[in-house]
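To keep things simple, chains are lettered A, B, C and D as they appear, and every chain counts its residues starting from 1.
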Amino acid sequence: MVHETVTMQGHLIDSDILRRAFARIVEEGGDFDIQEFRVGKTNDDPSFIRLTVAAAQTDALDRILEHLSYLGGATSAADAAFAPAERDGIVPDEFYATSNFETDVRIDGRWVPVVDQKMDCALVLREQGPTCVKQGRVVKGERVALRGPGLRVRPPERSRDFSVFGFMSNDVSAEVNKGIVIAGAAGEMRKTREAGEKIVVVAGPAIVHSGGDAALARLVRAGWVDVLLTGNAFAVHDLEKAILKTSLGVCQMSGRAVEGGSRNHLWAINAVNRAGGVRAAVESGLVNGGVMYELVRKNVPFVLAGSIRDDGPLKDVLTDTLVAQKAYAESLRGAGVCLMLASALHSIAVGNLLPARVRTVCVDMTESVPVKLSNRGSMQAIGVVTDVGFFLERLERELLVV
Amino acid sequence: MVHETVTMQGHLIDSDILRRAFARIVEEGGDFDIQEFRVGKTNDDPSFIRLTVAAAQTDALDRILEHLSYLGGATSAADAAFAPAERDGIVPDEFYATSNFETDVRIDGRWVPVVDQKMDCALVLREQGPTCVKQGRVVKGERVALRGPGLRVRPPERSRDFSVFGFMSNDVSAEVNKGIVIAGAAGEMRKTREAGEKIVVVAGPAIVHSGGDAALARLVRAGWVDVLLTGNAFAVHDLEKAILKTSLGVCQMSGRAVEGGSRNHLWAINAVNRAGGVRAAVESGLVNGGVMYELVRKNVPFVLAGSIRDDGPLKDVLTDTLVAQKAYAESLRGAGVCLMLASALHSIAVGNLLPARVRTVCVDMTESVPVKLSNRGSMQAIGVVTDVGFFLERLERELLVV
Amino acid sequence: MVHETVTMQGHLIDSDILRRAFARIVEEGGDFDIQEFRVGKTNDDPSFIRLTVAAAQTDALDRILEHLSYLGGATSAADAAFAPAERDGIVPDEFYATSNFETDVRIDGRWVPVVDQKMDCALVLREQGPTCVKQGRVVKGERVALRGPGLRVRPPERSRDFSVFGFMSNDVSAEVNKGIVIAGAAGEMRKTREAGEKIVVVAGPAIVHSGGDAALARLVRAGWVDVLLTGNAFAVHDLEKAILKTSLGVCQMSGRAVEGGSRNHLWAINAVNRAGGVRAAVESGLVNGGVMYELVRKNVPFVLAGSIRDDGPLKDVLTDTLVAQKAYAESLRGAGVCLMLASALHSIAVGNLLPARVRTVCVDMTESVPVKLSNRGSMQAIGVVTDVGFFLERLERELLVV
Amino acid sequence: MVHETVTMQGHLIDSDILRRAFARIVEEGGDFDIQEFRVGKTNDDPSFIRLTVAAAQTDALDRILEHLSYLGGATSAADAAFAPAERDGIVPDEFYATSNFETDVRIDGRWVPVVDQKMDCALVLREQGPTCVKQGRVVKGERVALRGPGLRVRPPERSRDFSVFGFMSNDVSAEVNKGIVIAGAAGEMRKTREAGEKIVVVAGPAIVHSGGDAALARLVRAGWVDVLLTGNAFAVHDLEKAILKTSLGVCQMSGRAVEGGSRNHLWAINAVNRAGGVRAAVESGLVNGGVMYELVRKNVPFVLAGSIRDDGPLKDVLTDTLVAQKAYAESLRGAGVCLMLASALHSIAVGNLLPARVRTVCVDMTESVPVKLSNRGSMQAIGVVTDVGFFLERLERELLVV
């Protein structure tokens, strides 16, 4: 048997950290012995635990310690180790893979917070400090943090306020009064505004199909959207509706495709591209309403990421997925709230790029998108299983009418 | 090879009858030869077809002819045959099984329309005429129609108006603007009102969870509901909310059960039963709001059908399922529109009892309930995949505000 | 501010009890101060906590204490209080509502375990001890336990084995290798067999539609089913297939209803009822295969609960839902494993009647049934989102072939 | 009122063409008068109709005629008109938008079939004939077909064989015996093989999660896959499993993410990229099993399309979505059968690129992907709602064992 002593600190119980730590130990065939446990006496006190973890073999123990480190478990006070990237895009095999929880790196005896925290990155020592960098963007010779000591994760603490983003996160059933959840989301948007953080909207084409585009356009006009992340399809549906007043080549009453109906879709792309892109199409008067129009008028930035499904695409689309990923990541800096509206692809892409502290609401007609987000590590996202059109209309009433 | 000549008349193409007829023939290994086909020249003209159906063996041909008869296919002009029920609840093996399409029976050379049309019944000669009777209710010695000649089905014709209940029925996608469908449903409710037919609401407990109960109560008060068919659970949730103002033992913000939370549920049943039932509880002042309260005050009839899942149950519940089925069937007489709101069990039960001509809207969070209804033969039902709370609020605005 | 001291003991962390206790206190606006906390040093040691709970008002404190009591929180050592039922089916307003966790009642200073533990019952002092009784079955004058002191709940401890029924319960995603989960379920069935406990199967008609009936029939024949709980529909589908070899009035290739197709369904009911019921139909040779046939041949008891959706029904059906509920409850005595197969109605009914210690697997094509079970308090049930036909074939291979 | 005479020919009834034609006329507010209708006397005879369509205004009539043309309606015998593309990627506003039905263009009095038929393209006169070209790839000056006369669509005729790909297509319920559908798909794969056409597989990562990867690898080895179209995620999951034998950073028993678990995912990308890509990783011995390994060994081509969600990505990934779309389109030439396995993004992308005559099966855990495909015009796709792991195991048994 081999052992190691681990300490953890924080809201160990109500943030569900201790239970998950014990689960990982047992799952890997290990054992534990608690040396010291002090539970916070009141709501605001952190708890502290020191425990000895044991396993039959060194590699099992290492796996356990690695899991625990992602839950905030600390083993020793050594500095982090680094090794150079051997080539562009190739990291040392012992690289540390980041999570979306805030992380500190011990360098010369000091704990330095990580820049651009996001999941599934390498941790590279750059000028501005240790930085989360997608592995494909690591440059030959850059110093890459290795797994092991000197890395400390701070799992997000659930707010002890009883709120949508507090105890309830990730537990919202489809059978709930959505009005209450939407009111909670509106409250968070107001707080985010006051804190000077960004409100990010991720948008899918079902917003237009469901008739929620009018409410979203008014929210943009009223200044409730700071960045819009989407793809070609949402933008084209919105532009087609603005230019041609048509039903998107889809029967309004059934939502099903009509023979030959996508001609208008292609026509709108053609017209906007001929004008020189979305901004030019607005400025030329070709487009005079809708979400894209309001974004241009309010100078709200938007990023259109390309996908293999696209028609056209619009000139504004970033067709290279790595370029689009980088543009999304930059747009997300400073985000405080993120609304993911009816787009599986872009929601999961954004989930990959967001630190866990951003309050995230994922709206979709089925539980599968919120469940996927959670399975992939975006555990902070609250799923709201409902019609995105009704969601936006209600959100608008919460923010604009009251 | 054996053959038979069949004629059909009606909106054979746009009601999708001819395609289904051909499909059945091919599916059973048969063949057909069209003798005469006159298509209606205009929107309002019926079409007519006479075709010879062939099959290798008599029993295959019989099966084909039987399928076609359910689509309105007529083979000969003989009278229907009848045989007596041998015992209570036991019909002759050759009994004719009804569909939910309007049917005529040829008796003494005259075509007599069937009374109480509904699917999966025996056709019994009673005083008021040939009547659809659930097999368990057939009485020894009653004359039961046999399959074969003398039975003529009139499949419902799709309205050539382009409306929610016209061409579009049963084809509504989850990605559609629900506002348009709800406006269409409201329009049908107005027409039903003018025609002096009943508006039936089938209600599930998710109405209360989703916060749609307030809108439904106002619709009852405004006279938009003529019958409410539901079970114990919906009534108890509504009564608990009225009496105890509690969140139904379910966390308002998450929709999940709270430890010990169903005590209030049981308490409400106890209190209402002690008072002597729902009406007495309203009259005594114990209950002073909610859907059940408005029903009692407006003298709108309701039926509470028992289920094996029930707590309590309330005194008003019909615990015998055959008694409840009969009470539902009687309440449905004269129905023009049926709203099925978030209740799989009761919606399918009502689908079994409704003639196909009743315009039916089925609202649920997933497509599975509308799909089940359609698979079981309630093909007239339009599925609206959305949050029932939002549906009711929007319907209220359509009916009461405008 | 008012306070109370509460103690709790058990696997407070890994059974997720402490987190839920803290959540309830905060949710109700309360506060807590931890006096003593001893965490179990090893896997097998229980933990212990003593904390002071405070709230602004007495009724908020009472609500918190009541929630905590359902998580095992104990406040004082007084005996339980009882009061007589005022009428048949009417309990005192202060009655204690049971959970599905094992419970002890303090009577004359001794803790007495509850008989027939199940959720949402009154606790009645009967000859065999304090017994869970559905409120509708309480008899006038029987002594009913009141909420408050003298009631102690023992929440189930998650097994520290890493197994399907251990840490993982209630957390299974749709994107998992179902083979592993099914192997785990088979393992539990073997253990249950060895422990002399019952294996209960709850069955829905989709078993027949999906072609899983053959595997289920072989499992019955091989002795892997001790009780089958279902309704009229499953039995009729199975019997129709056995007698008429037909496709259940449903197109084999599409699963959709065929015009006039339910005649065979009704015919089968008629024939079995004429024979005198299911057992007689098997013994007379009318039925010579299928699940019902194997049940009769092996003398495995089955209960057919009536529902308002039923055709027929079969003579064997208990049409009164209270009678059916009682029959289900009695059949569940001694259950060790429960498989819920593609039946929302009966699965939730059984969930209401099962103590939480019974290992339960709920198989359905969508997450909605397992989620409903969990929301309604059957938190022990593991959801397996898959095709029930494939589930049964794989289970058979695990149990019979290997 | 303005009118026009339209003729249509083919299996107008059983391919559901006439019903849809009438629906479009009514939906656009038009009217029709049937001049001549000859229905095919037998199974193999085509039908013929000549009808006059009327509308109140020219533009409504034009819309109706355009819809009808997509259903095969012909109005006159003039040649098609062409106009040059004004710039790269900019087509004339009056361009004709293609469907996925086979189309002929009238040039110099001759009907010439279209090359590379797919939906939502421009029709460009290139050397090999009139060719479907995505609008973004049209080159300045190329002659682009305009809407109006000289374009004739041949809607696919439903096979009058009663088979999975015959009458049943697009109508398959979740409650069906999947074994029958899978046997039908296997039969089509055999026929495709004999016809010398390609079997295309579109693959999503859930194949690996569900354990279906082993069966898919064996199908590749046995020569049942001619092209594999997927993205980065599927390939990496498969390679990680081959190299590290790990559970993909996901708990095997729950399918949920494990803290720090995606490190192995990133490690596998790093190792394969260091080796020089997938082929090099197989040849170097780093990868010695799994689906990608079998593809390389059998020289079966695969295309990995980039997406904004990707980690890494692998060197083999085409990160530009337009390049990837082109590579997919080229791989699909000569396809006879297409299996879409648990990947919404890539399935819809492929649906956009496939002619409607390719027999397509779409396997997913929910109905939403097949429904989306159908709504977007891939009406030929049969949805099979089931676990992809079980699907592949059963398909393997149909193809390899029997």
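By our rule, contacts are C-beta pairs under 8 Å (C-beta built on N, C-alpha and C of every residue); 3 or more make two chains touch, one makes a residue touch a chain.
Computed from a predicted structure; not experimentally measured.
**Student:** Tell me which chain's centre, taken as the mean of its C-alpha atoms, is farthest from chain D.
**Tutor:** The chain lying farthest from chain D is C.
**Student:** With a Cα-based fit, what is the angle in degrees between chain C and its identical partner chain D, given to the nearest 5?
**Tutor:** To map chain C onto chain D, rotate by about 180 degrees.
**Student:** Counting only Cα atoms for the centres, state how far chain A is from chain B in Å.
**Tutor:** 45
**Student:** Approximately how many whole Å separate the CA-defined centres of chain A and chain D?
**Tutor:** That pair's centroid distance is 31 Å.
**Student:** Between chain B and chain D, what is the separation of their C-alpha centroids in Å?
**Tutor:** Using C-alpha averages as centres, the distance is 38 Å.
**Student:** At least two other chains touched by the same residue of chain C: list those residues.
**Tutor:** Correct list: 27, 162, 173-175, 250-251, 255-256, 365-366, 368, 375.
**Student:** State the interface residues of chain B toward chain D in the complex, per the touch definition above.
**Tutor:** 13-14, 16, 18-19, 22-23, 26-27, 29, 31-34, 37-43, 49, 160-162, 166-167, 173-175, 367-368, 371-372, 375
**Student:** Quick check: in the complex, which residue numbers of chain B touch chain C?
**Tutor:** 20, 24, 27, 66-67, 69-71, 86-87, 89-91, 93, 95-97, 99, 119-120, 122, 134-136, 147, 250-251, 255-260, 262-263, 265-267, 269-271, 273-274, 305-313, 319-322, 324-325, 328, 344-346, 348-349, 352, 365-366, 368, 374-377
**Student:** Where on chain C is chain D touching in the complex?
**Tutor:** Per the stated touch rule, the residues are 162-164, 168, 171-181, 184, 206, 209-211, 250-256, 365-366, 385-387, 389-390, 394.
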